[in-house]
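What follows is chain A paired twice: with chain B in the first complex and chain C in the second.
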Partner chain A sequence: MRPFAHFAPRSLDEALDIFRREGEGGRPLAGGTDLVVQLKEGGHKFPYPRYLVSLRRLPELRALGWHEEQGLRLGAGLTMAEVASNDWVRQRYPALADGAGLVGSRQTMNMATVGGNVCNAAPSADTAPPLLALEAQARIVGPQGERLLPLEEFWLGPGETVLRHGELLTEFLLPPPLPRSASLYRRHTPRQQMDIAVVGVAVAVALDDGGRTLKKVRIALGAVAPTPIRARRAEAALEGQAPSPEAIARAAAIAQEEARPISDVRGSAALRRHLVGVMTERLLREAIERARRG
Partner chain B sequence: MPKRVITLTVNGETHEVAVEPWWTLLYTVREELGLTGSKEGCGTGDCGACSMLLDGRLVTSCIVLAVEADGCQVTTIEGLAQGGQLHPVQQAFVEKGAVQCGYCIPGMVMAAYDLLRRQPDPTLEEVRLALAGNLCRCTGYTKIYEAVLAAAERMRLEGARG
Partner chain C sequence: MARETLERPRFRHVGRPVDRIDATAKVTGQTVYGDDLRLPRLLHVKLVHAPVAHARIRRIGASKALAVPGVEAVLTAADLPPHRTNPDARAQVLLASDEVLFYGQPVAAVLARDPYTAAYARDLVEVEYEELPAVVDPLEAMRDDAPLARTGAIRDADRSEEQGHITVEAQQEQAQSHPSNVSSSITFRRGDVEAGFAEADAVVEGTWRSSMVHQSYIEPHVIIADYDASGELSIWSSTQAPFHVRHEVARTLGLPEARVRVTATEVGGGFGGKIYLYEPLVAALAMAVRRPVKLTMSRREDMLAATPAPQAVVQLKAGMKADGTLVALQARVIYDAGAFPGAPVLPGCLLIGGSYKCPNLDIQGFEVLTNKVSVGALRAPGAPHVAFALESAMDMLAQRLELDPLEVRLKNAVEKGDPLPSGQPYPAIGLKECLEAIARTDIWRERRRIRQHPHRGVGLAVGGWLGGLQPASATVGLNADGTINVTVGAADITGTNTSFAQIAAEELNLPLEMVSVVTGDTRTAPYAGMSAGSKTTYTVGRAVKLAAEDARQQILAIASQRLEVPAEELEMQDGVVRARGQPEKQVTFRELGRLTTGFGARYAPIVGRGAITARRQAPGFTAQVAEVEVDPDTGQVTVLRYAVAQDVGFAINPKSVEGQMQGGAAQGLGIALFEEMVYDEKGRLLNPNLLDYRLPTARDVPPIEAIIVEVPSEEGPYGARIVGEPSIVPGPAAVANAVADAVGARVFEAPLTPERVLRALGKLRD
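Right after this comes the complex of A and B.
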């Protein structure tokens, strides 16, 4: 690695001060599982940083709390291992536990943070579709103060986000799940572990009180567009409907149309589109079944 | 810029080390502290040869900056044997013939050691999953899994050490 300076602030304010004082050329460092590898390989999309600001010791990035009305507060600095093993996440936001539990190896999960996964902005990031389907909002803090953004608006393209220099993603807010709801995330990879999603699909569904119609449907897709995306037309086609096999198949076909995949080393556009259909249909069925069982 | 002095407690012994911000924990432990048991295979977090415990968590030290480990407890492969006695995981690797060239073995043993602390009675599938981040070019893994399961059994019988 080429030289850079390194700062290890102990609070969010101190971190923001460092970016302000040192000026352009700084980069936040969380678990380093993307950033350090990029600095070593030179495969990063940004200029080589002059300095890194470690987020490891910022208590503000480690929030984790559940509230009946507000839902879940999830610090951006929590590791995948911490997220995947948390009882609130496992019980109320299982899609997120699924995604966090797939990130690399045990070693990777002990280092990689959920904030880093989102800020690295890979279209294949495994916590991105779950967070989208669970309607996460991102809290961003920077020199101009603070804003809360629906996660859907966070990514601009591969490796690109709305974050400006000196801004940090501090936490995610996830609304409480509705009654009779369920969520899950799956990815397609040739290998079970240590692989990057060819396609990732997350769904979250809620049934109405009688359990006969779908009150809410969220479908999010990874690795099939420049950013992780919601399949909004597919969601709309299913909401308010009875969850019949035909309605589910129709929604899956619409999700296929919404995907804008490319061909690369991991798979062709045609394969990806095919997988979106198959996976969306299977996941919807399974989620609806789980929501019924409660 | 002058080097930064960090404090690392490695296998129970505290060291002050002067490091550059871009040195990895692996490089620092091997080259500055002379503990060369941990290996560098890929240097990008993929192969697990550099696995060690950082404040009790298994990490790939080739992608951890040394400055990030300032003030932390580190356990390397050199820290497992006690009083000249191999750790049961190491002993089982020897007895089961799980070692060929040996390059991956320090990382394998660390990952197995980490698993058995969390899960003293793992299934074969759990062992495979726990070692998914550790690559071996030589053995085909079967004997490694057998060794981990044998170590688990011995540690349960012995009432678990370490």
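Right after this comes the complex of A and C.
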């Protein structure tokens, strides 16, 4: 680790001011569970920062509110422990609770934030597929003001996002779930815990009023492409269909084709592609079953 | 905890479960480890690790690193004080001087006022390398046209670490005449193996691969060295082998052993990986800069450049008659030593041919050099690799002949008098007793019901370890207040000092609280061998027992004079010596303490002395059984239940014995399912961290039933035999056999990752 300056602002405005004043070479620091490890061991995609700006005291990053029409506001600075234990999240966005509840150990979950997970832009980030499947939008605030972006457009590649210098991800907006819907996230890891997803799959499904056809299907995949991705063709193949085992198997096979995995120390491309099929099929079945039960 | 005991005299302390004396300090975080130590004027060292597996060093540029404020020195091999180097011994190549032999090999040392500055400046040291072709795979390395892993043949291999773990007589052939990556080989033959196969009703064969794994002690290596103005060298190291460190450091640096003091700091896990490695280097640095120097390795550095356990390839062919008699074993056992010799070929060959009675053997072992980090010992070094092959083959044979796998093992299990492949006969051993104990476990008895579940199965495997032999000594002293001090020279890595307290308290018939055991440094403690090879209680325990008996005689002699009663008529209990039948005639230890230590004391101090040499092994065997569930679509293996039966001779402290059995079994499950150091084709380690090098977590290891079996050894204290190592051995084989039982697929490569299981099931297309 090399020397750097550390700022601990108390408001979003103050944080943005620091970035403006100090100029290039700054980096936001949330829980530090990715960033500090990278500064110690290498592996960051940006130049070694000259200064860090802690986000831990910014009230603006801790929003948490539920609205019948607008859905959920979820501050980027909330920790995994806070997200995983929140009742709104658990009841209405269970896939997100699943993802947040898997990150590292208790200690990791008490430090790691959802915003950090998304901004670190690892293809394997465990809250990314759930947020994609739940159609989250990201609010970005920076020197040029504010913008709202579908999360799918947020990542550019491993470790790379659309964020420019001095911009912060402040919160996520998740639309309210449809009636008769369910969502789930699972990952495959060799170990039971303290591991990184070899493959992560999130699905969100909604049945029509009669419960006979699938009104909406969202499938998101982690660790099988340079960024977390939606399996849009697989979704389209199922939407409007009756959830028969054949239709589900077909969608899973399409999702396999949509995956663009690589081989690395955590698993071969063949393994990853295989698992996308197995897991997508299993998750769709389970989610449809849950949506039926209501 | 269950216990299978033959017969047992009544003892007051030994044989009873007690908490480790140091447990409270450890679990409350108060124990002082090497990294906690500070010395005035201390410098911290960070090593520059080569980023290439095989290269010639062209130039090392230190100016940028030296310009960092707080950096005191950047030293290369040329800057070290004169010392003995041996290109064939890893620890005697202090820094690579010309040829880099593995990815991560230290080429320079940066010394700074704090470790952060040293690490920062380390990255500024500029080293120019001329890359040479690297050999990474041991089978490739054995080919005639393979590039050589190093220039120059092996002449003077250092096998002390292996000998510390297993001490047997057998000739290992050094490298051949023509240049080759095979640095040594060994052959054992018995009977006529071809005739054996001809006679067999079933023959199976296969090639089993085990991955390179790391000891993964919680505490990476920590060493401090200080060379003072009077020429005294002091070393604090988290070593399992202080006297060995002293010997090697003194030899390397040309100092008399009398002037080298090695203190074994609390060992935060060793498992064979903390014998000696960087002590000569850190001592040389301290001598060069005339200031104390501390090396604390990070996890990454430790994984790159300590001494993990080897990769192995075992080709095995085995033949059995229809009645279950094993008639022929033919094996080619290949261990990848990494860049320096020191792989456990000998124990591997002895155990693959020495676990079952077999009239016809043909066993060849090879040690192969590659451009990977050189290997060291890990709990029963070499044994899990061969057990994986042998125990898988035993199950395959039993299946082919429709025999019960436990019965087949019982029928062929080695017993007292049976020869090892070297011809040496076994002393009393308890392999059969372990199998009988496993036959009585719930898992084994319920196996037919378990198998009805489509994806569950039960697997059995056995394993053993022969053990190391080194002399040992101990002293037992009586203090002025009547309490007792036991002094030993063995590092306590498994709770041995607690067992020594039990032994001394037993012999002197005292409450345990009156006895204190200390591991002294090499200038004050009586000699002991390394705490490795499972021999510490077996050897040092005997010395403590003798020392306590000696102290007892001295105490009785003085008491006899004081009480005017013959020593034979005295009895000793709870710190009081009294005449049998005359309770008023008594003298306390406290009085004796004063009489032997006070001003103008009448008697000389009481110092019991125990010194032994150990020449006879007391091998330990274990049988283990696993119940697993396999997800046939993801390849995930979950171990649901596990049981370990192990012959420990006599469990002096059943609690720590049980801990050793469970800890070793958990490590066995780790290497069975998760652990693997992955190198790329250029010899670069891809997972030098505990995220991608997966140790089992608490949730990956089921409760482990430990069944203590006690077949007394011939020489050990109270019949104790080796304990620490055997429990790691059968894990990979037991799991592979259980997976085969569950889903019918046999996996030939450990760890049994989801990917390998899916491939064995034929479910992965490329």
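For this structure, a couple of remarks:
Assume the second predicted complex is superposed on the first by the 294 of 294 C-alpha atoms of A that agree within 3 Å, B and C clash if a C-alpha of one lies under 4 Å from a C-alpha of the other, contacts with A are read in each partner's own complex, and residues count from 1 in each chain.
Everything below uses one rule, namely that a contact is a pair of C-beta atoms (placed from the backbone, for glycine too) under 8 Å apart; a residue touches a chain by one contact, two chains touch by 3 or more.
Predicted model, so just to flag it, every value in this text is computed and none were measured.
When the shared chain is aligned, chain B comes close enough to touch A:Arg106, but chain C does not.
With both structures placed on the common chain, the touch criterion links A:His6 to chain B but leaves chain C unconnected.
Once the two complexes are overlaid on the shared chain, A:Leu275 sits against chain C while remaining clear of chain B. After overlaying the two complexes on the shared chain, residue contacts for A:Arg293 are found with neither chain B nor chain C. Look at A:Glu41: by the touch rule set out above, it reaches both chain B and chain C. Contact with both chain B and chain C is seen for A:Gln192 once the two complexes are overlaid on the shared chain.
Residue contacts after overlaying the shared chain place A:Val265 against chain C, while chain B stays out of touching range. According to the touch criterion, the shared surface of chain A, contacted by chain B in one complex and chain C in the other, consists of residues 1-2, 41, 192-194. For chain A in complex with chain B, the residues that touch the partner chain are 1-6, 8, 29, 32-33, 36-37, 39-41, 52, 54, 56, 81, 104-108, 110-111, 192-194. Against chain A, the residues of chain B that register as touching in their complex are 1, 4, 20-22, 24, 43-46, 48, 51, 57-60, 63-65, 67-68, 70, 111, 114-115, 129-130, 132-134. Within the complex formed with chain C, the residues of chain A that make contact are 1-2, 41, 188, 190-196, 198, 264-268, 270-271, 274-275, 278-279, 282. Residue ranges on chain C touching chain A, taken from their complex, read 116, 119-120, 300, 633-634, 636, 673-674, 678, 686-687, 689, 691-692, 694, 696-697, 699-700, 753-755, 758, 763-766.
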